[in-house]
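Below you'll find a set of structures to go through.
Consider the two complexes below, in which subunit A is the common component and subunit B and subunit C are the respective partners.
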Partner chain A sequence: MTLQKDVETQESARRPRRRLSARAAASTGRGRVPARLLTLAVVAVAVLAFGFASAPSVRYAVILSVIYAIAILGNNAVLGLLGEMNLSGGVTMALGAYGFCWFSAQGMNPALAAVTAVLLTALVSAVIAIPTTRLRGIFTALATFALAYAIPTLAIYLKDITGGDEGTSAPYDFAPFGLELSGSTWDMLTTVVVIFVLLGALSLYLFNARPGTTALVVGEAELAGTTTGISHRTVKVVVWTWAGTLGGIAGVLYALAVGFIGPTGFSFMLGVWILVGGVIAGPRSVWGALLGGLFVGLLPVELQSVVPPAATGIIFGAILLIALLAGGRGLAEWIERAAPKMTELIRRRRAAS
Partner chain B sequence: MTTGLEVRDLTMTFSGVDALAQVSFSIGEGVWLGLIGPNGSGKSTMLNVLSGLYRPRAGSVVMNGHDLQAVRARHRIRQGLSRTFQHPQLAASLTILENVMVGAAHRPTAEAPSPPASDSGAEWLRRLGCDEYAEHLPSEAPYGVQKLAEVARALMSAPSLLLLDEPAAGLSARERVDLVAALKEIRRHRPTLTLCLVEHDVGLVASLCSELAVLSAGRLIANGPTQTVLADEAVKVAYLGTRSTHDATP
Partner chain C sequence: MDLLQASIVLGVVVGIVYALSGAGLVVIFRTSGYISFAQGDIAAVGLFVGLAAYKAGGGYGLTAVTVILVSTVLGGLVGGLITIPLERHGHLPAALSTIGVGLIIGGILNVTVGGDPRAFPEVSSAAAFDFAGVRLGWSDIVGMLASAAIFIGLGFFFRRSRIGIAMRAVNDNRFAGQILGVPDKRLKLVGWIVAGSLSGVLGLFVAPILSLSPVSVNTLLVFGFCAIVIGGFDSIFGALVAGVSIGVLSNLTSAYVDPNLVPTVLWAAMLLVLLIRPNGLFGRRRLVRV
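== the complex of A and B ==
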């Protein structure tokens, strides 16, 4: 480690600082951290402003969207770094939500219950990750598919913990720092957005630092990783655990926002939506995860007010198709690539006029 | 303690077929050995066994006196063993320099001294003649540069044994010339480095390696000084056809 640091220090001192091209930065999702942080902050403020200005019903949908965005952020680590399809995003949300409600119901302090539920979810994710390290591509997707499919039934079966069909309620008296964390309150909206921004900033840092580099080597050149001393199994378990941790956090926040959770809230489709949200927005874009959350949580609600409910799925599918055709890495990448070109075009037109 | 590499009775079987059959040879410290043979003769299998990616059915690999049998692939870099691949294994989302730096993560332990400042990734890229692509993604760099970046990454761990798997495969004539120059530069800078070069281009191998080992259908048919091996009748028949040694060299 010290040797590595020595070499990296020599490296940074010697090589001239050059930046990745706009195209390379957009296609890899790496570099330009200050600009990406700024974009994240701007998008977060826009979501916050939209939520504050909206009716409570829409604000509630925005809150759920940001919660989904946190789960998408975690899921994107698996998709964007390892290139694996993970359909268990809903499973980790369910673990976080049920764990939080159950620990609280046992008399545990809600704050401690939240932390315990997230840690439990992380632990379970690490265990789930172990067999997935031996799987590739479609087989990983199938393994997580089975898990996602089993969760609603399991929730009904484990009645003592989950409340079965009837579900279970979140602690109603949880008000850390005097914040009213439930339903469509402004406090709830602010809290989920702040948590998303913090986790997004941390994700961005990790992605551009050594952990991200190592995970990318495992995801994109596993053999080279092995022969350069990287344990691909350890890296994969860490990435899946990170994804599970964020899923657990999303689950706790979901339980707080909804107030009452049941098996229908964590159907197989939730895992699909979390995956699709990441694909639409771009699996390597932090602010894209927020965009993906809005697609999943807000768009269907808004669409239903203008088109028949049956048509929302078709529109959603069309958007997914357009996002994939836009460059394969989602709308966030497409926007990141288009933005400099648009700016340049505007600048030229202004100069010409 | 013997230095360098010693391969003893190595046997590797795939579905009952011997890819390597009781192959034995050794490479002394600082020696560059060319491992040649026709397609399917077991050259790449040999490198995969040496680097620990394949587990042999029988035999042993001893490096600098240490038996590597129980050493996992990812731990062999700590023993001073490093390698490249026939098809460049570079992370597409990392720059060429970042890919090179991956090789510095795990250097040989204990006796390995801190590398000199000139052994940085950028310096190796400069020595190999591809530093202008340091900040480019692999997809933005020519194939020859990608191959050299792999070599630079392998050198970043300051290995005592370097395995090169067909570094000239897929390169243009011009890129081959650059490759030879780059490898000579490595020898000039790291004279104690032991090298095992798997390559189809016999002329290129002969211009770089003082010793040759020839595989045919998984069996070692010749091993020794380059010119002696190239003059060997069995080698001419099995690998070079009926051409003379003179024809095979540039």
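== the complex of A and C ==
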């Protein structure tokens, strides 16, 4: 047994790490980590610059977009790696937000309250994930849909904690390191973008390391994973917990940005938007999550000057259908596929002339 | 009137409607292998057209026929033109496309008729008879009878009729079906058409209770989702039993605890069933050949 193990480790150590082909890198979203980090940084700087240059109302929408992007980034792990539909992105945001407000209302230091709220969300997500991941494929959507639907009324029922219909307020004077974290301040924008970039880099690292491989195997070929000794149930619970944790972080930031939270903010449509944002922008791309957040948070604001607010659903539905018709892998991957072809084309033109 | 008896009897009555909403979803699931999120919106379109027919002077019969006809046609169009073609990218994009369709239809309804709830006519507002101290209206009775008839019909359709068996075969083993010459695309379309008309029927029972707005039928789909998860995805009988249980459970919760807790209790019941029986109470266990 030990001998066999030795042989195995030797072999896996000897095997050279192959570079992924352009096509494999584009379709799996793996490999090319430096390039991807650079793209993430460039897009983040662009979002920051846009936010700084805009009027406060638009900057506020950008801040919310980045917060949604954090939730989308988490949800994308479930959608892109496991191929499962999770509509409870809004639920974890609600947990994080309400937890943060409640803990700080109990006299806890806001920073500690934020950490506790995120940990609580992670714990609750893990507990909920255990039965939910027993469902296969898209049927997780039904369980999470029912949960997402229950949250606003549950928040009204638990009015001692959540403030019921009237809602509850986030701590006003939370200023870690002298940053003014509320509403549409520049500090708020910088903080959410930095947090997104850090989480994006972390998920990029995890995706290209062992955890990403394991999750991808479970999502793409569960049976193959099981036969090679991967406990698919554990992997699924871990991925769902990761999604929940990011949702919790997004929830805390949401409470800070909005300042006052109530049950109407966490309708089941929030979970739908988080899912749809991921699908439109690309479930396996980190900077795609940021793009998805902008779709969800900024596009409705920008559209208001063109179409009535009631009609934004039509535009979103149409964009979603187009994204699905294009293969359901999202705008980010599409750009990633097109970019090398474009550079190739340009190079050939230059060579010809 | 005794609160307990009322909760139970009325729970059974609405439970059958919940089961009906689950059955529409099972029909699509049986043939295609995924769930449609657009059924509520499809029914809403039918209901608004039907309401227009009613206001133009058509009787209830004409209204009902219009509602069912429009939702049948719309169900077929959504399935045939959008969702079934998207299956080539997999089940997940197909299921997601129904969310997209739902958003589009909801947006169109919001723009054209607006989001305000309206009253919708019912079969009859007269009381029929008292059962165990609870007064049942004729519309309740008609709703129950029609649902029961639909359930028996669907059960026979899937077990006995050639098309029904072929529809099950398409989902069970598509390649074997194709080799035997089963027209899978066309059968899936049949599934969508049947599901469309079922959602129209469902809308007819729901709209008078919840009043008609672009999202009112959608509310009921949540109960339908719970019914099919608890009952087992591929079992129509399971949807019936689970629907009635959900109806009673939610009425008891709302009478004795708090109406705001109903969705949470439903969700908890669903998770509990999943923990004990992952395939639902009446679902078949999926066997995988290694």
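We take it that the second predicted complex is superposed on the first by the 332 of 353 C-alpha atoms of A that agree within 3 Å, B and C clash if a C-alpha of one lies under 4 Å from a C-alpha of the other, contacts with A are read in each partner's own complex, and residues count from 1 in each chain.
Throughout what follows, a contact is a pair of C-beta atoms (placed from the backbone, for glycine too) under 8 Å apart; a residue touches a chain by one contact, two chains touch by 3 or more.
Predicted, not measured: the structure shown is a model, and the values here were computed from it.
Chemist: Of subunit B and subunit C, which one touches more residues of subunit A?
Modeler: Comparing subunit B with subunit C, the partner touching more subunit A residues is C.
Chemist: Per the contact definition in the header, classify A:V217: touching subunit B only (first), subunit C only (second), both, or neither.
Modeler: In the superposed model, A:V217 contacts subunit B only, not subunit C.
Chemist: Please work out whether A:A209 is in contact with subunit B alone, subunit C alone, both, or neither, and reply first, second, both or neither.
Modeler: neither
Chemist: So, does A:A141 touch the first partner subunit B, the second partner subunit C, both, or neither?
Modeler: second
Chemist: Output check: A:T227 vs subunit B and subunit C. Expected answer is one of first, second, both, neither. What do you get?
Modeler: Both partners, subunit B and subunit C.
Chemist: Kindly classify A:T28 by the partners it touches after superposition: subunit B alone (first), subunit C alone (second), both, or neither?
Modeler: first
Chemist: After the superposition on A, what does A:I346 contact: first (subunit B), second (subunit C), both or neither?
Modeler: Neither subunit B nor subunit C is touched by A:I346.
Chemist: Using the superposition described at the top, list the residues of subunit A that contact subunit B and also contact subunit C.
Modeler: On subunit A, the overlap between the subunit B and subunit C contacts is residues 223, 227.
Chemist: Applying the document's contact rule, which stretches of subunit C touch subunit A when the two form their complex?
Modeler: So the residues of subunit C touching subunit A come out as 34-35, 37, 82, 86, 89-93, 95-97, 99-108, 110-111, 114-115, 222, 225-226, 228-229, 233, 258-264, 266-267, 270-272, 274-275, 278, 286, 288, 290.
Chemist: List the residues on subunit A that touch subunit B in their complex, please.
Modeler: So the residues of subunit A touching subunit B come out as 3-4, 6-8, 10-11, 14-15, 18-20, 24, 27-30, 213-214, 216-217, 219-221, 223-231.
Chemist: Under the touch definition given earlier, write down the residues of subunit A that touch subunit C in their complex.
Modeler: Per the touch definition, subunit A meets subunit C at residues 83, 85, 128, 130-132, 134-139, 141-143, 145-147, 149-150, 153-154, 156-157, 223, 227, 272, 275-276, 279, 308, 310-318, 320-321, 324-325, 327-328.
Chemist: Which positions of subunit B touch subunit A when the two form their complex?
Modeler: 51-53, 73-78, 82-83, 85, 89-95, 97-99, 101-107, 114-115, 117, 119-123, 134-137, 140, 150, 153, 156-157
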